[in-house]
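Each of the two complexes below includes chain A, the first together with chain B, the second together with chain C.
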Partner chain A sequence: MKRYFDYYRATMKLSVLEQLQYPVANYFYMIGMIAEPVIYMVVWSAVARQQGGMVGGYTPGAFAAYYIVWTLVRNMNIVFTPYGWEWRIREGQLSMSLLRPIHPLHGDVAYFAGWKVVVILLWLPLAFILSLIFKPELDPTLLQGVVFFFAIWMAYLIRTMILSLLGMVTFWTTRVSALFELYFAAELILSGRLVPLSLMPDWVQKLAWFFPFRWAFGFPIEALVGNLSTSDLFTGLGMQLAWILFGVISVSLIWKIAIRRFSAVGG
Partner chain B sequence: MHGLRLAFNYLRIGVLNEFQYRANFYIQILQTFIALATGLIGLNLVFSQTDQLGGWSKPELLAVMGVFITMGGVIRSAIQPNMERLMEEIREGKLDFALTKPADAQLLVSVREFRFWQTVDVITGMVVMGVALAQMNWLISGWSALGFFTAIAMGAVMIYCFWLMITTTAFWFVRVHEIANLFEGLYAAGRWPIDIYPNWLRIGLTFLVPVAFAVTVPAEALTGRLTFQTWIGAFVLTIVLFTIARTIWKIGLRSYSGASA
Partner chain C sequence: MPSVISITKLAKHYQVPEREAGLKAAAMGLIKRRYKTVKAVDEISFEIQPGEVVGFLGPNGAGKTTTLKMLSGLLHPTSGSTSVLGFEPAKRSHDFLRQITLVMGNRNQLSWDLPALDSFDLQRAIYSIPMDEFKRTRDEFIELLELKELVQKPIRNLSLGERMKMEIVGALLHKPKILFLDEPTLGLDVTMQKRIRTFVAEYNKRYDATVLLTSHYMADVEALCKRVVVIHHGKLLFDGDLSALVEKFSAFKTVGFTINSASVDWSQYGEVISTDGARMVLRVPKEKTSAITTRLLNDLAVEDLTVEAAPIEDVIESVFAVKEEAVE
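This part shows the complex of A and B:
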């Protein structure tokens, strides 16, 4: 246990130091990313105003809150990509990490978790500016705040596990980009990234319940800005936990089978 | 004339090159299809709640989307690959190879790459525009059509100038890779007509990143909103941007010192 703790602490510290060296690059990246929610926010605020100030239970101020929190959750959602897995497997980069006495996934989880600390720091001034411009209506209770804090980190873990699973498909075939594209499109629509799920038709909302997407994206946002009841909040955390467990178990199972197939092509 | 022949030859080589990788064609079709589907879903979601957005009806916004897809295809097939290669070569000091050739350097660095499969987007966008026009009962005058074709050509030139200016800064800053990501984010704003955005953003999307001229203005022509003043404005801005881009490029070249080669 202590061994893992030390490993995580060291890797996270290293990643914080490394990322702090590139504040400008990190900022460019974040600004490019912020264009997306700002567009959604503007469009939906315009729709809300045309419909007499509210659409699907959201006022322009509520949309502003939703999409500003969106930017943080989106950043928390950045994990080692399946394209990275593809590269890692195709180029034989995995060989090196296999020699270490620790599962390579720990490295990913720790490195990106450390990066998140930097990301949150850099996000704060951006969120402040966005709030000045778009005037969000945000009034969370203490409980919502606490649930949100845990929910974004759980979201991070869910997405890490699911995307690793997706990336590990590369062990069997190297033509994976089409699969990844389909996955990201489904995620865009079913997660609450494009619009809050409450604006979707009923059947889509029901469908979204059974996929990991909304638990890694929409739920944390709604936990902070929505009117979820206390039981909804804890159900959500429960669903997140379930998806993490599912992810960890499947990743370790598939890893065991997959690793036998791995033959380094280089590296 | 010589320049045109040069550009055409590079185009031919680019196409031949792409034909070696036919599987990429199917992947491109899938990507285009996914992008189109998500775009349509977004549009339908908006119009399930309202019947017009900032004075634009649904078929009119479909026309905007068509222009957006087509222009995106033009950018990704002809503009962005060239500029990314240029960035790379400036950083690695390989630009010497292009500079020593007996052709205008700006022309040369702008025509070397062509991603043929990306033209799937160009065609898809045209089909979307066709559907939109059909929904509007083909109410388009000859002048509007002329306005559309000139506007889209000027829009492409403006986007090219924007990219060239940004890329040229690599002569001084070296690390400009994140710019591509930034541009894609901002270009996505073109999916909706520019007049729905708040003032500061509209100005930015008009003069800093010419998305307004690349997408909204041609779409205005398609939907019969383009005024002669706007067209003249676009024309003047195209010339101004081109002059500025060429000047910056020349100044930038002077501070280039090949690091290797």
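This part shows the complex of A and C:
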């Protein structure tokens, strides 16, 4: 255990140092990323005002809170993508990882976790500016705050596992972009990224319960800005944990089969 | 002494899709795909003793890198058995991986944007090297490769040779017992090649490490390897001392001498390789070397006559020219 702790610490440190090499580029990247939620926020706030100040229980201030927290969760959602898997197999980088006496997935988790430390620091002033402009209504309890803290990191792990599973498809075939696009389309609708799930039709909300998308995106936001009961909060954390366990077990099993197919063509 | 690397009838075959050019063939390929089996490594066997430095030679596509990848656990063999330090590499047990390294001349594992010192610390964590030992080894290697002025510069600001030296330090910090070196001097200038050769030799001596080296630079092989294993088209062509390889496959020798007379028909003696003023070098059939040197001395006023074995590059070229079935 101490060994893994040391490895995570060293990898996260390396990741932070790398990100600090390009602070301006990182900032522009984040500014570019907030364009999407700002559009959602403006549109839904306008709709709410036209509907007499509220739509589906969301006021403009509630939408502002939802989409400002959205920006942080979106950054927490950034993980090693299936395209990255394609790249590392093609370029031979996976070979270098496989030579190390530690599973490559630990490297992915640790590296992006380190990256997120920098992201959160960079996000704080952006969130402050967005808050000044859009005036969010946000008054979380301590419990909500604690649940949110764990939920965003568990969301990160869920998405890492699920996208690793998708990424490992590249062990069988290298042209899997269409599959990834299908995944991302489903994620957009069923996660709460496009619109809060509570505004979606009832059947979409029920469907979303059975997929990982909501637990990797919408739930952490709802935990902080929504009106979830204590029971809902803990159920949500339980669902996140279940998806992480599912992901870890699935990745371990598929990895054992996939790695036998690895041809190390790229080096 | 038990061998540290032992492979028996090791094979790696790939199924590669193939089709004719053109639209019709592409359309047919959608219905029925045709595959061809490529035998990248075809039932080779050899053993390596602890502390040996073995040159693993062959032209591009011979199967060298594929073999190294199987020995380091990156690839699962199609058939045959492999044992490295008593481990089956394909299982990639952590105890096995902690005792080996694979350095590929065209691959990087150090962070591009950071000084090597930061990446070295990650290597320490990966291999759980105690801090005192890590610092001692790191500083020892930095001194041996004369890198003190460079370790604080980002890797991206280093030359190719400097980067390669850093990669080697990073790959050896855990003091592996087995080194698989795949073209470690690829693209480097002569001075840098020599520095890396010296370092590998020193590492081998200090830690009694076993080295399996592929290189297209024969200077690497001559400087480091007493023994060579040669493969071609995935098959083993030769396994033995470098000197025996030269003896077995060299069909020519070179005869150098100084002569002032210019109007001589040299074709009756051999093939002219070079002329530099009065100095000439001829290539002559090995079995006729004595007769030709005698004739040169008797017929012409030659001075400073020397006879040398053919350059190792020429020998290797002639090895690859020999059909596999004609050799053992």
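Everything that follows uses one rule, which is that the second predicted complex is superposed on the first by the 267 of 267 C-alpha atoms of A that agree within 3 Å, B and C clash if a C-alpha of one lies under 4 Å from a C-alpha of the other, contacts with A are read in each partner's own complex, and residues count from 1 in each chain.
FYI, a residue touches a chain if its C-beta (ideal position, glycine included) is under 8 Å from a C-beta of that chain, and two chains touch if they have at least 3 such contacts.
This one's a predicted model, so the numbers in the text were calculated from it and none came from an experiment.
By the touch criterion defined above, A:F150 reaches neither chain B nor chain C. Of the two partner chains placed around the shared chain by superposition, neither chain B nor chain C is touched by A:F246. Looking at the shared chain after the overlay, A:V43 reaches chain B, while chain C stays out of its contact range.
The wider contact with chain A, measured as residues touched, comes from B rather than the other of chain B and chain C.
In the superposition on chain A, A:Q21 contacts chain C only, with no contact to chain B. Looking at the shared chain after the overlay, A:S95 reaches chain C, while chain B stays out of its contact range.
Using the contact criterion defined above for the overlaid structures, shared-chain residue A:W87 touches neither chain B nor chain C, since it reaches no partner. By the document's definition of touching, of the two partners only chain B reaches A:I34; chain C does not.
Of the two partner chains, chain C is the only one touched by A:Y7; chain B is not. Put simply, chain A uses no single residue to touch chain B in one complex and chain C in the other.
For chain A in complex with chain B, the touching residues are 25, 28-29, 31-36, 38-39, 42-44, 46-47, 50-51, 55-56, 133, 175, 177-178, 181-182, 185, 188-189, 194-195, 199-201. Taken in their complex, chain A has these residues touching chain C: 3, 6-7, 9-11, 13-14, 17-18, 21-22, 92-93, 95-96, 98-102, 260, 262-264, 267. The touching residues of chain C, counted against chain A in their complex, run 14, 69, 72-76, 92, 94-95, 97-98, 100-102, 104, 106-109, 111, 113-114, 118-119, 121-122, 124-128, 154. Those residues of chain B whose C-beta lies close enough to touch chain A in the complex are 23, 27, 30-31, 34, 37-38, 41-42, 45-46, 48-50, 52-54, 175, 177-179, 181-186, 188-189, 191-192, 196-198, 201.
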